[in-house]
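Okay, so subunit A shows up in both of these, paired with subunit B first and subunit C after.
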Partner chain A sequence: MSDALKQSLDLSMFWEYRAILWQGLIFNVLVFQFAASVALSVGLGAALLRVNRFLPARIVGTLHVELFRNAPDYIMLVWVHFVLPLLIGLVIQRRVEFHPFISAVIALGFVYSGYFAEAFRAGIQTIPQGNLDAGRAFGMSERLILWRITLPQVVRRMLPEALNLFISLFKATTIVSLIAVPDLMYNVSMVIQQEMRPLPLYTGAALTYFLIIFALSSTARAFSERWRQKILA
Partner chain B sequence: MSDVPRIRIADVHKSYGPLEVLRGVSFDVHRGSVVSVIGASGSGKRTLLRCVNYLDPPNSGEIYIEGEPLGSRIDARGGRKPRSLAEINVMRRELGVVFQQFNLWPHMTVLGNVIEAPIRVRKLPRKDAIAYGEDCLRRVRLIDKKDEYPARLSGGQQQRAAIARALAMRPKAMMFDEATSSLDPELTDEVLSVMRELAMDGTTMIVVTHEMSFAREVSDRVIFLHAGIIEEEGAPAQVFDAPKSDRLRQFLSKYRK
Partner chain C sequence: MGNWERLVWNQRDVLFAGFAVTIEVCVIAFLSAVIGGLVLCLVRLYVAPLRFVAVVLIEFFRDTPIFVQLMWVAYVWPEVFGFPNDFFTAGWLALALQSSGYLAETFRAGIESLPRGQLEAAFSAGMSPVQTFRRVVIPQVVLSSAPSIVNQFTVIVKSSTLISVITVPDLMSQSQKLVNVWYEPIEILTATAALYILFVFLISLAGKLIADRVRQRFGLAAS
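This part shows the complex of A and B:
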């Protein structure tokens, strides 16, 4: 085995710095959590606009989806962090700066809201009209129908796709180090600068991400599938 | 009060674009009586039921539930004002609907389907809703399936669950929209016998049906709808045994084999 290869597989250094790397990973999880909440709520809003009876609402919803689905994560991140504060500053005539964490949550949340909107919309459109008629016939309000009849079914239907989106979003959190959010990758780079041994540290980071994502997604799938299958004839 | 009909359908018109589906339909349904609506497909039967609870609001005419107009409110000066959707929802819950396609909510158990509207719409305490819901499931002989999901039930069982769901709202009247038309022949009987029992218990019912023997046996009054108007109506014996109009005779001949 060549020295370089041996070195890149030697994870003792990664283990040595585990405390600081662990802190970084917590940032990944935090960015993921907040961005996922933004993506889900904004995505649901956009989906409801897209299936609205009123044309202007549908146009706004479609613009939202197309804009954010077609924007690369990285560009959005940089734009939200550096350009958006300038624009807001111009409008309110005051210097504005976003904390990197906030920029990361907004950028990733909105990019993924485009994808989630499409997943929600596809799910909403598969709910048979009769299901909604039954709700209306019993005097349920449109809001109640949305929360009690439409969404619980939509969530089950979109679950496999949503899990994939969550995984992509979690992976996407690794780019937030570019705007100095102290996540795992950021901390890895810091350690590398100190130790000058990038290979084992990058390998360790890659393995960590892989194991976490693999473990979470397989557990989520196993649990969700049983629950989901109940309603599907 | 007893002379106020439970449901009055007054000169209901409904068009979809240029297509006039209902051209002025009026009849009363009295408390405890069963009115069957028969007619060929396309005669407007289904639209009529959808107009009665405003799933498709009529273009003109009105529905009265115990004298109270469903789609409009009469203000102090006697003028009519259309009701808001929220007000219509309050009126609607008095009418239980059973759909041809059952329309059970697939993500809820049978009991979940039955107690949903009583809890969320009638604001019944959960305990009471469950107790009454289970009574309703006993009436349709489905209590042993209360924890199953609809996908695991036969069509006949699903339809009986849907009947229990409508009963659980304690409606002033039940409406059946071809409740057996999407069932296999061997499953229609279990649904019809439940409907028959409801009728004998004094439930006020409007039944849109293709089951002529059921209509003859159970109804107090039969209405034959043709091209959006009532072509003929009367007691079952009269409508089935001595039809006056040619169209009704023609229609009935298809059911006599």
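This part shows the complex of A and C:
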């Protein structure tokens, strides 16, 4: 038993493959970046639908949020990768296939757009009506009010929540290895198949992710604490 | 509609067998996570010599992605610690570990938000620490953190889809088996996704209703 412990803590093999593992980590970051932009823009769209005066728009926005917030990200990933191309193919009468990277970005982006929509909406609803009335009294268009009055305040208020969501999204990028996006976990399992030594490699992967996410989340926590004091003051 | 009947309705036994495994894993994982989270939280708050260990464990469970933790528990633990010996146990154990980290922090926030005067009042009324905890602290913490606790159960259900990767025959894995038999993913995967979404939706709805009712009954504002 202590032999196995020693083996799993002997990370020299993990270090030996650092080049390919590093490449994998870059894929995690890429998926994260693209999915985060999708999640932010789609989430903002859904939030604006949810606060619209027009009832059908509100219904669509609510459906979007409930659908994606309640969906497990793994099943969405599999669905987007294996079902969505077939459905699009049926519509345009042509064979369609998604690159795994595209599927990963769409699936994670849309799942997290549900969470971001709620964060945006919570922020939008804290804006006092007087702010909007003042904007209208100056003759600003609704779009100008959104960009100059509402969003700057919303972004400031939702920042701590958004940081947490970004960290969750980064954690979720590890599952893209399951549809063969060559991320860190994918490369780890490839190396394991070659070397037949799961102990140091899985332990190394767990420690790597832990260190990265721990650093990110403690920074986010410290920052949010200061930020809250600043905007409440 | 013929496809739906052939691929989904006629396979309902297979899918429900998987759904039963999903529920079993999630319930075991959830109950273990509540107990584990409570223990971690109490150690962190009241057992000074072990505080550091509890903090490290909580942070490690919270800051490692569930998929990585699952692989680690399923493939490294049996060699190093001698258990879990089957993938079913590894599945719920990994889910429970992650959630116990989150719940420990939820409980801690609940305990720390109690006014200090309440504890002093309980002690001066002659209650022992255990009595104080049982009669004053726990009821309030359970009430105030009920929404987060229910939310954690939905997180477990969502993450439980990943245990299909280590061949636990849950709903996800049964539906992927069907896809591999029929090579027609559209209906099967859509039905599976719908089932999961509906299930998670109903849990959070029920959780919110129950939490609101209990809070009203005990004189706390609804969330």
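Please note the rule applied: the second predicted complex is superposed on the first by the 216 of 233 C-alpha atoms of A that agree within 3 Å, B and C clash if a C-alpha of one lies under 4 Å from a C-alpha of the other, contacts with A are read in each partner's own complex, and residues count from 1 in each chain.
Basically, contacts are C-beta pairs under 8 Å (C-beta built on N, C-alpha and C of every residue); 3 or more make two chains touch, one makes a residue touch a chain.
These numbers were taken from a predicted model, which means no experiment stands behind them.
If you put the two complexes together on subunit A, you find that subunit B and subunit C both fit without a clash. Shared-chain residue A:Gln153: touches subunit B; no touch with subunit C. Touch criterion met: A:Leu87 reaches subunit C, while subunit B stays clear of it. By the touch criterion stated above, A:Ile213 is placed in contact with subunit C alone, subunit B being left untouched. After overlaying the two complexes on the shared chain, residue contacts for A:Val51 are found with neither subunit B nor subunit C. When the shared chain is aligned, subunit B comes close enough to touch A:Phe138, but subunit C does not.
Once the two structures are overlaid, the count of subunit A residues touched is higher for C than for its counterpart among subunit B and subunit C. By the touch criterion defined above, A:Val60 reaches neither subunit B nor subunit C. Residue contacts after overlaying the shared chain place A:Ile102 against neither subunit B nor subunit C.
For the combined model, the angle formed at the CA centre of subunit A by lines to the CA centres of subunit B and subunit C equals 110 degrees after rounding to the nearest 10. In the composite built from the two structures, the nearest CA pair linking subunit B and subunit C is 27 Å apart. No residue of subunit A touches both subunit B in one complex and subunit C in the other.
Those residues of subunit C whose C-beta lies close enough to touch subunit A in the complex are 59-60, 62-69, 71-72, 75-76, 79-82, 154, 157-162, 165, 172, 176, 179, 185-186, 189-190, 192-193, 196-198, 200-201, 204. Across the complex, subunit B meets subunit A through its residues 53, 55, 85-86, 89-93, 95-97, 99, 101-107, 116-117, 120-121, 149, 151, 165-166, 169.
Interface of subunit A with subunit C (complex): residues 1, 4-5, 7-8, 66-67, 70-76, 78-79, 82-83, 86-87, 171-172, 174-175, 177-178, 185, 198-199, 202-203, 205-206, 209-210, 213-214, 217.
Chain contact summary for the complex, subunit A toward subunit B: residues 128, 130-131, 133-142, 144, 148-149, 152-153, 156, 230-233.
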